[in-house]
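First chain A sits with chain B, and in the next complex the same chain sits with chain C.
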Partner chain A sequence: MQVLKIQGLTVDFSTKAGIHHVLKNVDLSIGKGEIVGLIGESGSGKSTLAMTVLDLNSRNRIVSGSIRFMDEELMTLDKEKIRKIRGSHIGFVPQSSMNALNPLMRVKRQFVETIKSHTDMPLQQMVELIARTLAMVSIDPARGDSFFYEFSGGQRQRLMIALSMLLSPELIIADEPTTALDATVQSKIIDLLKNMVLQKHTSMLVISHDLHTISRVCDRIYIMYAGKIVETGTREEILTRPRHPYTQKLLSSRLSLMAEPVKVNGIPGNPPSVLKEYFGCSFLERCDRASLVCKTEKPPECIGNVKVACHFEGES
Partner chain B sequence: MNGKELVRITDVTKVFKKTGFFRGSSSVLALDNISLSVKKGEILGIIGESGSGKTTLAKLILGLLKPTSGSISFADVRNHEHESRKPAVQVIFQDPYDSLSHMMTIGEIVAEPCFIKYGRSYVPEKVRQALESVGLIPVDEYLHKYPHTLSGGQRQRVAIARAIVTQPDMIIADEPISMLDCSIGVDILNLILEMNEKSGITFLFITHDIAAATYICNNIAVMKAGKIVEYGPKKQIISQCSHEYTDSLLASARGEVIKNY
Partner chain C sequence: MDGKRWGHIISRGLEYVLTFFLILAINFFLPRVMPGGPLLSILGSQSSDLPVVIDEETKYKLMDYYHLNDPLHVQFIHYLMDAAHLDFGYSIFYNVPVVDIILGRLPWTFLLMGTALVVSTFFGIWLGLESAWNRGNKLDNLLLVIMPTLRSVPAFFLGALMIFLLGYKMGLFPVSGAVTPYMDYGGIADRIKDILSHLILPMFCLAAFEMPGTYLLVRNVCVQQLERPYVLMATARGLKDRSIKKHVLINSIVPAVNQIAAMLGFMVAGAVFVETVFAYPGMGMLVYNSFIERDYPLLQGAFIFMSLCVLACNYAADIICSYIDGRTGQE
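And then the complex of A and B:
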């Protein structure tokens, strides 16, 4: 069964500078118990996708398409109903977890606040639940009386994960959970995410720009470029047989441990502007394989059985 | 001090005193008896987790902080006229979104160090050269732009241009790629390598990413809790590291699961 099914999602924002086309016809689905990765560079629209599912960015937004969560259409629900779903059925680990909690409230009170706004649990049960969740992310429950700023970066991230898991939601969206953390802490957080999903039987959408770190936990991966899904597949498919030139370049720009100097190339050029509409392929200017057809015709969309949005898919 | 050394740090200890209003005072030992030497023309990597004292070390070398005990000495360098002087040190900060002033154009930002160093008599051509050498071409297009119109990678290039414009002998790069996407970060690393090869600038490269350090550094020092726990050439660190912290860093870079760290 699909926990989340997004079809043809298009999101534009109207500003003084014009209309920003942020997401273009995105299809994405998450099955039960699955960990799905959404990878893309800054400004490609990853966070907008998460925010749109949670309906946190409705200002100046023009949206079309469908978002189905557990056979319920989220696009037609009113704000109050979505608020009920957010937190209890969809957990969210926001991007800047370093300063996502209120510094003036003790951690425990912020956990209680979340529970109270969704259920009528007696106090004793609440305290037990919080202690159990904190223990799960290996934070001493006695530290619930501390303030958020008294924790280290990795601990804060774990607190945020604990908070998003608190009410055992069916889906957790983690936005850049490892960015801005140390390398050793990163791998611990990754393992923690994986364990939590196994223990709580939830599904997870992990958003990141770091393909190599995140790919360790994902079952399936979507690669996003300029508001479009350009490639999708299982982890093995993406890591061993990348087919879209962007995915190939992302993989080859990884730095590995090497004693001998080898030249690694990044991806030249800049991501395209969201203000313009592209007639051809949006990766055109940075692609080695680009030819005339890329300029004049739109590449196939990543919908249904199409796994790669490139004209040359299947060749070479 | 022999001829190859540029900076020598001897037994440096830095203690931060914290005076709380109600709790009395407590102190934090940020650097614990560190000795390190930076050779001319090398890229020295300093790896460590948050709070291990990497940035404190950088600030001490920059003279932004004074060591509690110990000494930091700089070798004399000679310029083309064979006059000896102390080396000039510049810095690239971690976060290109915060380190550039929003109220100044790119041209003003890059010209500012010249302005401070040479007064009104600085050569505007140098600003153009600096921007050109970091790959912000065509220069005229960028000179009058403001930082908010640039992407993260471009901003970091501006920060590097600002660092090289006064032709320093040494640049301290404090986590220059940790805020950037990996595909853009590689370009910045290649730029640092190019600066090192072409202009012979010594780099002190501070990072928590051991893969990035092994990509560009000649020598690597690993820091943990204010101490240097391991120091050696890159090859030695990768193939025969002796400290368990280095081992766990290498393991996480290879993508292995870390059990007990």
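And then the complex of A and C:
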């Protein structure tokens, strides 16, 4: 059974500037115990995907498709049922953990409050659960009486990981869990996430723009570009045999830690506007291999057995 | 942490003591830089309708009796000593000690302004939060029209309207005063009922004057808070709407409490109008009447007491805020 199965998810936002086409026909699935990476550059729609699964962005949203979580369709659930799933069955590690908890309430109280919103548990048991979870992320349970701003950046991220795992959810969604941290803390947090997933027997969707940092812990990877999945595969497939031109470019834009200045092979150009509809391939303007067919025809969609959304797939 | 908080509270307290000292000083020096002298204002000048003719020697003796021939700084020290003993002189109009009059009026003002403050703060915060929570939809838009409109209606007009409609036409409430004169109360319950029925109209009038400011402030602060990451995260960890509102409120209450305390001065001004319209025997009406009667000692005494009250409320707000937000005074 799949823990999460997203099919044909299309999300638009209507604003005064027009309709923003953010996600276009996205298919994504996560199996039990799997760690799945969702990689893409800023504005590609990664966070929107996470927010849509948790129904955190319902303002001005137009949505179609299907999101099945543990064989239950989330799109048709009422607000109260979604609320009960959030936090207890799907944990969320936010993009910016810096201000992710109320600064005026002690951390432990906010942990207690999270448990109370989902289950009835005697206080003693809650305190033990919190202490156990905090110990798992190497934070002294005695510090639960501190305020959130009294922790360092890395500690705050670990607190958020502990909070997301508190009720042993079936799925964790980590939205850019390492972005705000420095390189050494980043790898620690990634390892911690992996350990927690193993210990708690859960699954995880990790969202990042940083293919190199995240890929280390992922079983499978989805590459997203301009609201579409352009390539998917196991970690080995993506890292060693990238097939979509975008994935190839992402991999070659690696910045190695070297003392002498190096030239980084970035990707020229900008991602396309979410306001426009594209008739051809949306990567067209930035692609080295682009030809006439890319302009006139849409590339295949990354659905079912199709793993790469490119016209030239299978040719080279 | 608690030591820091006490340090903060004490240093704020000293600032308020200094402010109060400055107010006393202004209160002392301002009349002395104005043209004319104390005798002139009491006895009238040669050109006034009923000039009291006194010779120079009597004048000097009188000035001497009131220590008005002393140098200014000596007079100021005398003034401070008297103020410390709550001696603000005699009212020209009533000819009784100023402090006695003020102490008789203060309870009524505390009752009126206190209840109005509680009512306006409660509804202002509640409506502000709900408005921000439902920002952009009907309730919010409606309140955004009603509140500024309410604010633009002058308090004396609203008061007169209430007296006419609710007091005179419908006869629901007494139209003036704080108690029914010469009434025999059957018991304490009757007395309380009488006081409350007199209180309701002026209280709502003053609250209506005060509430829009609180509402607009709380709404704006809450709208800002709702965009904060901790609110998104609160939703993401499955908290109920009620709990999320609580989080937002805790974070909005500090600026709200500070602002409400800072606006107390305006409320005092509002109270002058409201008390005059309803003939409510509080400080506001006292100030109004003593101004009409040029009763300067009483006016000065009333100002000092009112500034003392406003300062005390601000200090209380500071202390409350330092308990809500542990970061206050730590930077």
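For this structure, a couple of remarks:
Methods note: the second predicted complex is superposed on the first by the 309 of 316 C-alpha atoms of A that agree within 3 Å, B and C clash if a C-alpha of one lies under 4 Å from a C-alpha of the other, contacts with A are read in each partner's own complex, and residues count from 1 in each chain.
Assume contacts are C-beta pairs under 8 Å (C-beta built on N, C-alpha and C of every residue); 3 or more make two chains touch, one makes a residue touch a chain.
For clarity, every value in this text was computed on a predicted model and none was experimentally measured.
After overlaying the two complexes on the shared chain, residue contacts for A:86 are found with chain C alone; chain B is out of touch. Touch criterion met: A:103 reaches chain C, while chain B stays clear of it.
In the superposed pair of complexes, A:3 makes contact with neither chain B nor chain C.
Once the two complexes are laid over each other on the shared chain, residue contacts for A:152 go to chain B alone; chain C is not touched. Legend: residue contacts after superposition of the two complexes on their common chain; A:56 is shown touching chain C, with no touch to chain B. Once the two complexes are overlaid on the shared chain, A:134 sits clear of chain B and of chain C alike.
Of the two partner chains, neither chain B nor chain C is touched by A:204. Once the two complexes are overlaid on the shared chain, A:163 sits against chain C while remaining clear of chain B. In the superposition on chain A, the residues of chain A contacted by chain B and by chain C do not overlap at all. Only residues 41-43, 152-153, 180, 182-188, 191, 209-212, 216, 249-250, 253-259, 263-268, 270-271 of chain A touch chain B when the two sit together in their complex.
Those residues of chain A that touch chain C in the shared complex are 54, 56, 83-88, 91-92, 94, 96, 98-105, 113-114, 117-118, 147, 149, 160, 163-164. Interface residues of chain B facing chain A in the complex, by the touch rule stated above, are 49-51, 151-154, 178-179, 181-187, 189-190, 208-212, 214-215, 234-235, 238-239, 248-250, 252-255, 257-258, 261. Chain C meets chain A in the complex at residues 228-230, 232-240, 243, 247, 250-251, 324-327.
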